[in-house]
C-alpha cells in the first residue's frame, strides 16, 4: 500500500522523542499508523465534527478551588538525590550542556 | 539608519517574585544560593506528581493583564509545551498558548521615551513556570532545581517598537509596572527578567501597515539585560542594513539567533524550517477553572496608580519638574511616601525637595528602604511646619532631620530637647543686638545704610551669641533699625 | 490456605475476635505470594519483612493486600514494571497508599503490570509475563495483571489496580474476580505513575463487590495534591449496599451485543453473548428493567482509535520525565541528548516506543487537528451518548471482552482494525470518568468470564449496589482460581 507514512518519518519522530527504534519496531509503528489513519478517516466523516468542543479533561463540568499560597517544607536533599546516579555536591551532574 | 526603519517586537519574561510559593508546587518561591533547597516532588517531576495551581500567582497575573489593558479569559487553562532539555524535569513546560485564551490578550501600553509618548500593542500575556538553572563547568554541567516552577509572566508585544532606545524605555516602563503592582522585583541582576527580541527592517518609504512590505523576522533569543536588548537590536539593525545594501537581504531566511554577550554579536541558531514543534496540548491535570467577575472586580480595585500616571499628575497638578517627578515615581514606596506627606497638607514642592534630597541620600547611604525609615510622613510634615512657621531655620531643619534619625525622636521633641527654637522674640534679640553694638564700636561707626554690607558681619556676631538660633530675617531687620537709629 | 480466601469482613471479624492475628494473616499471604510468584510471575517485589499492625475498628486493619507497581511507595521499590525505573525507590507515598496505610492495611507485595499500564496483556512488564492462575497458558489481560492473578489465586482479599482503558476491569473478567474503578477523581491520582492523565483511574480488584466498596471507601477523598480530585465525604459505598434493586433500569447496546454485528462469530463469542443474555434475564428476575438501546455505530467503531490517539498523546508527554537524569539508570553518552536517548532506548519496551511515536505524531502541529483534536471531539460525542443513556438508565450493562482469557501465544497488543468494539467498549468508561465495575458471570471453556456495569459520574453507590445484588444472585462470588 502506498502510504503517507514512511520508515524515515517514523525514525524521525522516534529520534525527536529521544528513542531509537529497531527495524522491527519501526515496521510495527507503520502498520498501526495505517489502521489509526483509516479510523480517523471515518471520524472526519462525522457531520459537523469540527463544531464539537474537544474534550480535554475527564470531568469537564468540574469546579474547584485554586491552591492557597502557603509554602511547605522543602524535601530533604538526601531524598531528592537518592535515585540519581550522578550527583555533584548538592546538585545533579550531567554532561556539559552547550547550545541554547 | 537612513533608508530603513526597524520593526521590533519583544517577548519579556519576568519572574513573579512576590508569591510565597511556586506556581504549581508549594515549594518556597525564594531566591537562594543554596542549591536544591526549595524543592517539592513536583519540581523535579518524580513519577506520579501533579501540578496544583497557586491562586496568588494567578491573581498577580490577572492584575498584570489588567494593567496592560488586556482582556481576561472567563475560564483558564494551562498547556504543555513539550521539549527535551536538562533544565526541564518534566520534559514539558506548563504554559499558556493563545488558544485557549491565556491570562491576557490584546492589550496596550503607553510609555515615555525621551519625553515622547509611545504606544505598544500587547499580543498576549501568559503565566507559565520557570525552568531549573544550569551551571556550566569545564567538562560537565550541574542542575539546581530551586528555580524550577517559579512563576513566570511572558509578555509578547506586537512589533510596534522602532528603535533600541524605545525597546529599553518599554522594558523600564514594564519593570516599573511590575514593581508597582507588587508582583516582582523585576531585577535582571537576579535573572528575573529575560527577553527574546524580534527585529526586522523595511524600506522607510513603504507603508508599514501593509505586511507585504515588512522585512524578514529575525528572533534573537536569551537576551538577559536591558543593555543587552539595546545592543542586540542595534547590532541586528546594522547587520540587516548591511545585508540590504549588499543585496543579500532577500535571500536571508527567517531564523532564530542567539545574543552573545561577550562578543556583542548575534549568532545563528536555526532556521524557521527547523523550528521545534512543541506539540502544545491542554494540561489534563489542571481542570479548567472559572475566573469569576467578582474576583476580577476585586483584583481591579486593588491595582495601584502606576508610575506613568503619577508622574504626569505630579507635573501638572503640583508643578514639579520632569526631573523631580521622575525621581519620585521611580520606586512606588517613595512615591507613596511623597503622596502621603502631601495628603497631610504639606506643600508638594517642599515635600519633593525633602524626599529627593535629604531622604533619598540618607536611604542610599544606609542602604535601607523607606519602609524601614524612621522619619514617617507625619514627622516630615512636622519638620516642614516648623520651618514654615520659622520656629527653626531651613539650615536648622537639616540638623533636626539628622537628629531625628540619630535619636529616633520626633522633630518637635528634637527641637525642644536640643533647645533649637529660633529666637524670634524681639526683646530677647534687642538685648543681644545691644551687646553686639557695644562690643563693636568701630564697625558701628563705619555703617553706611547705602552700602549695608557690614550688616552680614553683625548678623554673624548675633548668630555666634545665639548659637545660630536667632531668626536671621528678624535679627537683620532689628539690627538695621537700631543702626539707622544710631546714625540719626 | 486457611484465611486468604476469605472476605475482608470475615477476616476483620476473626481479627477482632482474636481467632487469628495480623501476623498469621501476613505469614499466609507471604507464603501464597511466593507460591504464586513461582506459578504466575505476579510480583515485582515481595515484602517479606511486612509487619503486623494493630487491629482497629477499621475493616482493613491488619489485613494483607497488594499494590500495583505504579503506586508510589515510600522506601519500597516502585518500577511501573519498566526498566527505566527498575531501581527507583520513591521517598513519598501515593495519596491512596497513605490512606490505606492509615486504615491499617498491610502491604505484602507490589504487583507486575504491563509497562506503565500501557498494555492489555500482562506480557510487557520488565520482569516478564504474568500467567493466568486458572490456566497458565492463558493471559491475565492487563495492565493490572499481577493484582488480578494474585487476588484470583487467593494471595489476599484485595489488590489495588489502575485503569486507563480497561486495565482493572478486563483482567478482573479474565481472572474471575471483581474489578472496580470509581468515578474519575474520587481517588486521588497523586503518586500514581501516569499513563494518560485524562483517562487514568485508580481502583481495586477483589473477590466480591462489598470488599471493593470497603477498599475504595478507604482510598477515596479529595486531595490537595490532585486538582482533579473531589470531595466524596458524603458517599459511603459499603453502607449503601442494600441489594434493593427493584425498579432499577439498565440497558445494553445492540451494536455491541448483537451477534449479527460480527462476521463469523466464534463458538466462544456465541457462548459469551448467550451467557451475557442469561445474566440480563437474571437481572430482570431481580426486578431490574433491562432494555436494548442503539448507539451510532460510527461513533462506537471510532472508539478504539480515539483511545489510542488520546492515550498515546498524553503518554508520550507524561513519560518525557523518564530521561535517567534525576532517577532511573543513567544512560551512556557524550552529551545530554545521547545520554537521554540511551536511557530511553534501552529502558522502554517495543510496545511503549510504538505508542510514543504514535502519540507524538498525532500531536504534531500539522496533524493535531485531524488526529488529536478530532479524537477529543469524538470522545465528547461518545461521552454525551452515554450520558444520554444515564438520563433514563441507572447503568449500561455489557459483556467484557469477546470471551474468556486468550492464549498467551496469540497475544497481540496492536490496534487491530478488525478488533470488535466488544473488546474495547470499556474505554468509554474512561472517556467519561464513569464508575464501572466488572463481576464474574460464568464460565466458558472452564474459564471465567465477566460482565460490566457502568453508571453515571458520582453515582458509584448505585452502580455498586446493582452489581452487589446481581453478584448475590449468581454463584461466582468469592471464587478462587483453580487450575483447569
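A, B and C label the chains in the order they appear, each numbered from 1.
The criterion applied here is as follows: a residue touches a chain if its C-beta (ideal position, glycine included) is under 8 Å from a C-beta of that chain, and two chains touch if they have at least 3 such contacts.
Since we're looking at a predicted model, the values are computed, not measured.
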**Prompt:** Counting C-beta pairs in contact, which comes out ahead: B-C or A-C?
**Reply:** A-C
**Request:** Report the most central chain, judged by the distance from each chain's C-alpha mean to the global C-alpha mean.
**Result:** A
**Item:** Centroid spacing, where centroids are CA-atom means, of chain A and chain B in whole angstrom
**Value:** 41
**Message:** Rounded to a whole Å, what is the gap between the Cα centroids of chain A and chain C?
**Reply:** 23
**Asked** Approximately how many whole Å separate the CA-defined centres of chain B and chain C?
**Response** 56
**Complete:** chain B residues touching 2+ other chains are 41, 44, 52-53, 84, 86, 143, 277, 281, 284, 287
**Request:** Quick one: which residues in chain A touch 2 or more of the other chains?
**Result:** 16, 18, 56-59, 62, 64, 67, 75, 80, 92, 94-97
**Prompt:** What positions in chain C touch 2 or more of the other chains?
**Reply:** 88, 91, 198, 224, 227-228, 316, 323, 325-327, 336-337, 340, 360
**Item:** Residues of chain A that touch chain C when the two form their complex
**Value:** 10, 13-14, 16-22, 24-25, 28-29, 31-33, 35-36, 38-40, 42-46, 49-50, 52-59, 62, 64, 67, 75-76, 79-80, 82-86, 92, 94-98
**Message:** Under the stated contact criterion, what part of chain C meets chain A in this complex?
**Reply:** 87-89, 91, 183-185, 198-199, 224, 227-228, 230, 298-299, 301-302, 304-306, 308-309, 316, 323-330, 333-337, 339-341, 344-345, 348, 350, 353-354, 356-358, 360-362, 370-371, 373-381, 383, 414-417, 430-433, 457
**Item:** Sites on chain C touched by chain B in the complex
**Value:** 70, 72, 78, 80, 85, 88, 90-92, 94, 189-194, 197-198, 224-228, 313-314, 316-317, 319-321, 323, 325-327, 336-337, 340, 360, 363-365, 368, 372
**Message:** Per the contact definition, I'd like the list of chain A residues that touch chain B in the complex.
**Reply:** 16, 18, 56-60, 62-72, 74-75, 77, 80-81, 88-97, 100
**Complete:** Listed in rising order, chain B residues that touch chain C in their complex are 41, 44-53, 80, 82, 84, 86, 89-92, 143, 277-281, 284-287
